[in-house]
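Shared chain: subunit A. Partners: subunit B in the first complex, subunit C in the second.
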Partner chain A sequence: MSVMTQTGTAGAGAAAPVPVLKRPSPYPGWFFLPAAIIYGLLFLLPTVASLYFSLTRWTLFNSTFIGLDNFAQFLREPFLIKGLINTVIYAVVTSGLKVVLGLLLAVLLTSQIAARGYLRSVVFFPVLVSTVGVGITFTVLMHPTNGMINEGLAMLGIKGPGWLTNPSLALYSVALVDVWKGVGLATVIYIAGIVAIPKDYYEAARIDGATKLQNFFYVTLPLCRPATVTVIILSFIGGLRTFDLIWAMTRGGPGFASDTVASVIYKQYQAGFYGLSTAGNVVLFALIAVLVVPLTMLLNRREGHE
Partner chain B sequence: MTKTSRRTALTGLSAGLMLVTALSGSAFAQSINLTYLIPSGADGVAVAEELVKSFEAANPDINIDIETRPGGSEGDNLVKTRLATGSMADIFRYNSGSLFQAINPQQFLVDLTNEPWQADVQASFKQVVTAPDGTVRGAPMGAAMGGGIYYNRAIYEELGLTVPTTWAEFMANNEKIKAAGKVAVIQTYADTWTSQLFVLADYYNVSAKDPNFASRYTANEAKFATEPAALRGFEKLQETFEAGYFNEDFGAAKYDDGIRMVAAGEGAHYPMLTFATTAIAAAYPDMIGNVGFFAQPGDEAGMNGLTVWMPDGIYIPQTTSNLDAAKKFVAFVASVEGCEAQTRAGGASGPYLVNGCTLPDDVPPAVSDMLPYFAEGGQNGPALEFLSPIKGPALEQITVEVGSGIRPAADGAALYDEDVRKQAQQLGLPGW
Partner chain C sequence: MSLVRKYGLSVLAILVSAVVFLIPFAFIIMMAFKDRTQAQLLDFSWPQGFHLWTNIVEVVTTRNWMLLTAFINSSILTVASVTLLVIFAAMVGFVLQRRKTRFNGLIEFFILAGLMIPPAVVPTIWLLQGIGLFGKLHGLILVEVAYGLPFSILLYRAFIATIPRELDEAAIIDGARPFDVFFRVILPLLWPVTVTNIVVQSVAIFNDFTNPLYYLPGNANATVQLTLYNFQSQFNTSYNLLFTNIALITIPPLVVFLFFNRQIVAGMTAGAVKG
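Let's look at the complex of A and B:
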């Protein structure tokens, strides 16, 4: 199959255009070899192998083929199902809050306020701190009786809940900390998106007599859609895969109340159920693909229509 | 000076250098470096340091570096991974019993059956570090432990309580303690493993009613949810929670808080393994006299006995490059001098499993309270994890749920049976 290229005709002068082969790359093909080997060995091979091992009972040394038993087991156990549900809740809550808060902070931080540069760095700072460090710090702050948060509430006469020990609250407490830590990144993406909106639109809107609210809803919000798409995709995938913060704060507890797929997988691996935890990884992979691929397509299609 | 003589001088110099290098090289070769992997925790590290110090004093040509690892299931994971990847330390300390079976001892550990010191190791310990092929692969590290309930003696004295021998008496004591405005039962679920004690320490009571429970359980015939005796452990946990006996911050408190509370009288009872005696003695030396211990009571006073845990073992992986030196250290730990070094560092926490090892006379009350169960006329029996290779890994999460009122006892026991089934299948046991 040959390809016509415009550059091919330039050197041939007035002669009839000759079909030329695809312009050769300036680099020989084996330049790609190191990357291909690393990618194949460390990514493709384990991916294929994990598909196989998810169908076995595996002790690292020998494996017995057991068909889909691991998946059946994974989907039968109540806390594994709970982990799946929690994962989706966690991803929706964190990405939703990051979008809303990130956008509001970005609007604030692009307006004319005092100490803007300083405030921008303050908002971004938690992103730079180690997740585990943040988790441990907030575990201390959220202690039900000696934690600073509940002691503060007690001063106002409110009896604070067990943020991490109340099973119906633990997952949301961790999600809030995740938002605190991750909203800086969303804000930065939004700031870039807002700054890139040409000033003309705002001027036109002002001439039309738009209020500040109208400015926001009819100019800023639609025109920073690319930023919104990026923030949603990034934080949603991040939320689905979340592990480090949950592990540092609750280890999936109390009981199984804040387990996510990732923490369940880790626990199965710790217990030596290598086949089962590999099956869990396949489930997580499928879950992310099933949720994120349509989401990406949907968000990008709308963008194209505008 | 001619060229030749200069060359000779240079040759002489380099020969001299080589000689020096060779000498220092052989000096290095004589001193052997070993690594010793232990679970972290102040008391365990102190014991290991004292053992290593005493051993190095007797064997100046061997250096031992101590490495620490996390405990609990995180540590299990690390030990398995290091064994599987051939990167285990030369000697390591790890649980005996069912967790020992789960690390594939036959494949990874050096056979120590024919070591001369095995003659002095008690049979009850050898049994829990024996691989499926009948070979002994470890030596005892530490003293036998009891699983039961620590109590604050000052609170008992103040309220005029006596040590309970039945569960009803225990609950009556709790009621009086609560009525006096004190915390009756300390629970520390931030360290999830501590939540298992009410279930695990109840095993003597299970076996007293059903002596064949362990073998039937291993053969997939007896279940926690369907055997009333076995279910009692879960029910006891639920009862104490529902009665409101726990400390307010039970969900966020840690093991370290638990031992502080029982020593300082911030709570009256703390279900725990007696290895904590060493930790209490180290952290609260002036309050250790306040801490007593009793076995978890069953339903009948006549069947009151202690559930016993065997200590950890120390093992040598087959990947070690200094087998002889590693064996020397293991032999030292399993000797009378080894016991003495452990007592020096951590105090005595219970009877040792090496013949000839004795306890000092001035043991703390938590230890002397434990001795009658081992003496003539006393009753004790091993915990389930030493009688069966199966222990479900999710027990600690399930007991947190039952102990926090998230899941009722019967439901928790049924869930645990599921967890046990996974473990049995993974171990490839027949009948599952």
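Let's look at the complex of A and C:
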């Protein structure tokens, strides 16, 4: 008990002066400790250390300070810049498609449609499947000559492209698979948002004689805005950080055509350029900060005005 | 007319969903049934003969039962990480929601940072090497806990806000110590959100590929996702085995999906409504 009292007041004492005779706080500060130690040691400390090591040539055993050379290299080497541009394209394409398709599917799956439960399950299940497994499966399905997708297209008389072998297409093919796997999450988020809209709004719209299209644009769309914000931000961050799907499908190839920052980080790590790899981490961090923070503020501000 | 339109849309939706979402899974299963020569054609055809069992035996026993070791490793990793995550996140969520101090803002900042910032990989490896945990399963367990904490804490904090403070106060008046207030009064009440946490984090950690790839190199302690990656190069000509492996490691998420669909959706959509 006395130990409890000490630790309890010590935690609280740091926050505000506590009268000597007060009971121990029922919400002791040491409850933070286990989480804080693990998070601080394995997440915060490496993140802070990365700021220093990104400025060095590093072998894990010793590091030489070389200033901003790593970042200069990042902006000079064409294949590294390519990775940077690809990352942004990938994030924009995947989050854009997930918003549009997720919203349409959610509207469809909250309407009076038959087999709703089956459809919801089938759309959502890929979210839970291993990304590497999905990547390998679609690599086979997208095989330029024997793949099922192109054979299906051939039956319709269309000559399918080399989805993953054509350098100008590979990144978008991977992005499409990402949407296939992730649209279920966007859909259930939108379903939760749409179900939470009070029925009175639709009632009022019906009395005013609104068409289905007007219902969608003037009731559903504005009122499920929180869901839109969640979907955009989640899938945008996910898109910027994406690694496993690209690595399972193309390894950044053909050439460097589908490299993203995350795959560059892994390649530089494999090659033993630890400083450059860490600089890649810092670049990715900066990219997320520069794009996501303003995006969040923009999305939340407009909400305040409505 | 409207009847036709209504059912027309339903039929169309079912057909499209079958082509887009079911055929890839049917393809995986059919490939797992085929023998090597037929699988190599990569086409969507009915398996000639039943080779599933020989495929399973071959894929499990290859490389000294590597897949079996991997399943054991993945199970230990998932169970241990999720257990620690649930307890530590619930403790933080509880105190964070109940006690308002000037540190709350800072803690919330760290939670958001944890959700957004990509982990600094090489410095983490350097650190793990420094404390002797690099390439060890318990090292990876701690890493998974560190990366999963922010999301779990958010889930817990939101749920704890719905539990009345009077319960804590009643327990305190009855003489319960802070430790007992939490572990004997509050934690049992958090069961619904605990289930959500367990399910969502288990699926995420079981499916995790990137972190084992970086922090757990070597065949001896591969996880199931890594076996898939290793077999991808080894079984380049044996697609039947590769797809048998995919089918096998899809079973745990499928089981979770069949039993806990509602909790998964609840966990993943948390925050969608209030934004």
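Basically, the second predicted complex is superposed on the first by the 281 of 306 C-alpha atoms of A that agree within 3 Å, B and C clash if a C-alpha of one lies under 4 Å from a C-alpha of the other, contacts with A are read in each partner's own complex, and residues count from 1 in each chain.
Convention: a residue touches a chain if its C-beta (ideal position, glycine included) is under 8 Å from a C-beta of that chain, and two chains touch if they have at least 3 such contacts.
Remember, predicted model here, so these are calculated numbers, not experimental data.
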| item | value |
| --- | --- |
| Fit-or-clash call for subunit B and subunit C when the two complexes are aligned on subunit A | fit |
| Partner chain(s) touched by A:28 [first = subunit B, second = subunit C, both, neither] | second |
| Partner chain in contact with A:126 - subunit B first, subunit C second, else both or neither | second |
| Partner chain in contact with A:257 - subunit B first, subunit C second, else both or neither | first |
| Partner chain(s) touched by A:269 [first = subunit B, second = subunit C, both, neither] | both |
| Contacts of A:85 with subunit B and subunit C, given as first, second, both or neither | neither |
| Subunit B versus subunit C as contact partner of A:115, first or second or both or neither | second |
| Partner chain in contact with A:290 - subunit B first, subunit C second, else both or neither | neither |
| When both partners are placed on the shared chain, which of subunit B and subunit C touches more of subunit A | C |
| First (subunit B), second (subunit C), both or neither touched by A:189 | second |
| Touching partner for A:143 - first (subunit B), second (subunit C), both, neither | both |
| Where subunit B and subunit C come nearest after superposition, their Cα distance in Å | 5 |
| Shared subunit A surface residues [contacts with subunit B and with subunit C] | 60, 143, 146-147, 269 |
| Subunit A - residues contacting subunit C, complex | 1, 4, 8, 12, 14-16, 23-29, 31-32, 34-35, 38-39, 41-47, 49-50, 53, 58, 60, 108, 112-115, 118-119, 121-134, 136-138, 140-141, 143, 146-148, 151, 180, 185, 188-193, 196, 225-227, 229-231, 237, 241, 243-244, 247-248, 262, 265-266, 269, 274, 277-278, 281-282, 284-285, 288-289, 292, 300, 303 |
| Contact footprint of subunit B on subunit A as seen in their complex | 57, 59-61, 64, 73, 77-79, 143-147, 162, 164-167, 251-257, 267, 269-273, 276 |
| Contacting residues of subunit C [partner subunit A, same complex] | 6-7, 9-10, 13-14, 17-18, 20-24, 27-28, 31, 41-44, 84, 87-89, 91-92, 94-96, 98-99, 101-103, 107, 110, 114-129, 142-143, 145-147, 149, 153, 168-169, 172, 177-179, 181-182, 203, 207, 209-210, 213-214, 224-225, 228-229, 232, 239, 242-243, 246, 249-250, 253-254, 256-257, 261, 264-265, 268-269, 271-275 |
| Interfacial residue positions of subunit B with respect to subunit A in the complex | 73-74, 76-77, 80, 84, 102, 104, 107, 189, 192, 248-252, 393-394, 397-398, 400-401, 404, 406-407, 415, 418, 422-423, 425-426, 428 |
